[in-house]
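The structures come next, written out as structure tokens.
In the two assemblies presented below, chain A is common to both, partnered first by chain B and then by chain C.
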Partner chain A sequence: MTIASVTQLVCFIALSLTLVLGSLGVVLLPNIVYSAFLLAGVFLSVAGLYLLLNASFIAAAQVLVYVGAVNVLILFAIMLVNKKEAMAEIPGLLLRRVLSGVVCLGLFLLILRVDLTTPWAVPGPTPLGDDSTVLIGIHLFSDYLLPFELASVLLLMAMIGAIVLARRDVFSSDVITGEAADQGLIEKERTPLLLESTAGETNLLEKV
Partner chain B sequence: MITSWPALAVVGAGIDLQSSFTSTLEGFGLSQGTAHLLWLPLPMLLVLVAAVIGVLVNVWLERKISAAVQQRIGPEYAGALGVLQPMADGLKLLFKEDVIPHRADGLLFTLGPVLVLVPVILSWLVVPFGQNLLISDVGIGVFLWIALSSIQPIGLLMSGYASNNKYSLLGGLRAAAQSISYEIPLALAVLAVVMMSNSLSTVDIVNQQSGAGILSWNIWRQPVGFLIFWICALAECERLPFDLPEAEEELVAGYQTEYAGMKFALFYLGSYINLVLSALLVAVLYLGGWGFPFPVEWLAGALGQSVDAPLVQVITGSLGIVMTVLKAYLLVFIAILLRWTLPRVRIDQLLDLGWKFLLPIALVNLLVTAGLKLAFPAFFGG
Partner chain C sequence: MPATSIDIPLQAYLVLAAILFCTGVWGLINSRNAVRVLMSIELMLNAVNINLMAFSSYIDGQQIRGQVFAIFVITVAAAEAAVGLAILLSLYRNRETVDMERFNLLRW
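Right, the complex of A and B next:
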């Protein structure tokens, strides 16, 4: 048992360190790509903490959803608009940083106070282990059915909204301003390059 | 007649190497914890070695089968029938200079291939070769594999970005897009199987198929799911006809363009280990895993032997390993044959196939499986 508990402690310390340092890196690093990659590390260490809490299903879901989908999409967006240009100088940058730092510190102190004053039940409830997968399913389809379905409707709305914003050509007028949409800007007609060039050549031949 | 007589699914305790190993060590006077600690690295090392040897076999098969498809002879001089050729390839890569391109991001450039390889190797955790012949029978089983395989695109994006090369970046982006698109139908196909076996654990999925030998394999109950899974697995492994991320006519070599030496070898290793892993999982999910085409229990009964006799257990265990590997390499053979006979799809065809064809079909497959499970619980694992 001692070996198991020592391993657990070492894993906990390592995961917490990567979590805290990684999150600081996400916020503080100037390079946005590094921040995005560090975010993946943060998500992975959160999944590791779930594993330590014997919640393997949640850990795998965390990896699948946050690392595999959310983080990859963030990276995708960053790399598709990968312009290596210096950001424009913002007036009063130092003041802004100090202010946001103060706000974050205040929030941190608040959470710390809650953490220290709450009488935590130690040790916590006994973990269910592998049975938790079945229980999560039962809860999702009984007492948590409404929030579950509401979340799916919310996601559907977000998806339709994204499609509408991305494909404005389905509307004759602009959704926001109400003016007639400039269809020419939305989708340029394909210029048949090969046909044009061959047509030009025949013209040349005719001239000759 | 397709059935899964649950009453006949004799699941013996099988050989438990772990408990015998630890009890032997405890017999030498070691504590239980130390014995367990000494046991832990053994299966991991064994599986790692098995994976690497699997890759060597795979490379040799790829060379020989491609040669046969193109009516050549293929490697011939390195060992009998050229079996040592993959070793030569590997040694060559090991001794090549490790080049990091000028103005590339050194840290991300190094980390990328590692992030591609590690999740693939971790996924071998759940591949069973027998009742107790796997590293860990974790409860979330195949879900762990799906989750781990979603880490890979991050490594691909990382190496594509860090190479400071347009082709690499494009290859990385393509790899990530492809991986995300095909993960969903893949997961849905797995979900149908999981629904029939009432468990995510790979061992339970195989045991559920062990009732009547070949007749109870999932491929008869999930033919559509099998095809979806196989197509998606090929796409996830970036095998032709889906090898767009490294399409050599368009992108030089995609995200691998700037890599040389051992870092390139890591990509190479990763893709082949992934192929073997996918083939093994197809065997586990649809082809009865370690099951023999007819139940071994019947054979033992016909020969008048008890299934629990030690010698019979050793024989059935070895037979299980042989069957798993045989099924996996049959699928690898099909994958290699596909690679050397089919043309590559275009990127728009790839995305159309994934989103507009496979995803709806996978959803319908899931729905039909659920309906059949409710209607015929005896045949579809009620």
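Right, the complex of A and C next:
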């Protein structure tokens, strides 16, 4: 074994441990803020695995998109909905957890069996290494052009949809004059749905 | 230079992805906080991405179509996170809770 392969192996083991422990922490920790920060650790270790797999561009994209965007978005969501509430006890919760754990373990054993018994066609052709970024660009602008453009349309739709869904229910009237302000496109007056009592409704109105 | 294929077996990456995916599934079923459900979905998407990248590097080393697919998965995951969190905010504004057990309007 050369020094390079030993380094690779050590990096792989360290990244795997971070990944598994971090994902367990994301799922199991009671404090959701800790979960969110551990999720960033999981994303970073996945990016490290991509570097081990000769994919530097995807590793950079992983860090930028997941750690930089998705994780920050999740932290903002936690910040916006951080009401401390005591979740009501539910009968049979432990049984449910154990049962779903058994199901997940069975799924894992199934995937493990498929992974270990299938004769994979390795070793394949030698990996490209650092040229992969160039080849990704060629792919994106030749044979994957249509999915690439569709992805941009999908992102635009997601952006507009997120704005429409998350906008605040503000009464569109001018603060000083009290006249109706013409903000119908961005802020719409709505009655809150699904409130169980009218008390909550008036409460919401007062808040606004 | 690229000696990856020899040292670490492909199966190591696949087993790692399987562990990550099953953790995500368990969290998806059992989380009571809606934000944690979204986090579990992200874990599962990352497990799929690890599989794609491993196959792309070990079996499809000259074409790397798996890496292109991974880019699309990352894109869809970003869109999903944005829309999912917007839905969560809207739901929280209407129901004043993030407890998954109380979102049972469509339960039969």
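In the analysis below, the second predicted complex is superposed on the first by the 160 of 208 C-alpha atoms of A that agree within 3 Å, B and C clash if a C-alpha of one lies under 4 Å from a C-alpha of the other, contacts with A are read in each partner's own complex, and residues count from 1 in each chain.
The working rule: contacts are C-beta pairs under 8 Å (C-beta built on N, C-alpha and C of every residue); 3 or more make two chains touch, one makes a residue touch a chain.
Since this is a predicted model, take the numbers as computed values, not measurements.
K.L.:
Does the chain A-based superposition show chain B and chain C clashing or fitting?
P.N.:
On the superposed model, which is not a single observed complex, chain B and chain C fit side by side.
K.L.:
Could you say whether A:A69 touches chain B, chain C, both of them, or neither, answering first, second, both or neither?
P.N.:
both
K.L.:
Please work out whether A:F37 is in contact with chain B alone, chain C alone, both, or neither, and reply first, second, both or neither.
P.N.:
Touch partner of A:F37: chain B, not chain C.
K.L.:
What is the contact status of A:A14 with respect to chain B (first) and chain C (second): first, second, both, or neither?
P.N.:
Neither chain B nor chain C is touched by A:A14.
K.L.:
Looking at A:L145, would you say it contacts chain B, chain C, both, or neither? Reply first, second, both or neither.
P.N.:
Neither chain B nor chain C is touched by A:L145.
K.L.:
Looking at the overlay, what does A:F108 touch: chain B (first), chain C (second), both, or neither?
P.N.:
In the superposed model, A:F108 contacts chain C only, not chain B.
K.L.:
Per the contact definition in the header, classify A:Y50: touching chain B only (first), chain C only (second), both, or neither.
P.N.:
A:Y50 contacts chain C only, not chain B.
K.L.:
Contacts for A:A60 in the overlay, against chain B (first) and chain C (second): which applies, first, second, both or neither?
P.N.:
Only chain B; A:A60 stays clear of chain C.
K.L.:
Check whether chain B or chain C contacts more residues of chain A in the superposed model.
P.N.:
C
K.L.:
Have a look at where A:V98 lands relative to chain B and chain C in the superposition and call it first, second, both or neither.
P.N.:
Neither chain B nor chain C is touched by A:V98.
K.L.:
Measuring by CA atoms in the overlay, how small does the chain B-chain C distance get, in Å?
P.N.:
Minimum C-alpha separation, chain B to chain C: 14 Å.
K.L.:
Does any part of chain A touch chain B in one structure and chain C in the other, and if so which residues?
P.N.:
Common to the two interfaces on chain A: residues 4, 57, 61, 69, 73, 76, 80, 129.
K.L.:
Applying the document's contact rule, which stretches of chain A touch chain B when the two form their complex?
P.N.:
For chain A paired with chain B, touching residues are 1-4, 33, 37, 40, 44, 56-57, 60-61, 63-64, 67-69, 71-73, 75-76, 79-80, 82, 129-130, 133.
K.L.:
Using the touch definition up top, name the residues of chain B that touch chain A in the complex.
P.N.:
33-34, 36-37, 108, 138-140, 143-144, 146-148, 150-151, 153-154, 157-158, 160-161, 169, 172-173, 176-177, 179-180, 183, 200
K.L.:
Residue numbers of chain C touching chain A in their complex, please.
P.N.:
Per the stated touch rule, the residues are 1-16, 18-27, 29-36, 38-40, 42-43, 46, 49-50, 53-54, 56-65, 67-68, 70-72, 74-83, 85-90, 92-99, 101, 105.
K.L.:
Please name which positions on chain A make contact with chain C in the complex.
P.N.:
4-5, 8-9, 12, 16, 19-20, 23-24, 26-27, 32, 35-36, 39, 42-43, 46, 49-50, 52-55, 57-58, 61-62, 65-66, 69-70, 73-74, 76-78, 80-81, 83, 85, 87-88, 90, 96-97, 100-101, 104-105, 107-108, 111-112, 115-116, 120-129, 132, 135-136, 139-140, 144, 147, 151, 154-155, 157-159, 161-163, 165-166, 169, 192-195, 200
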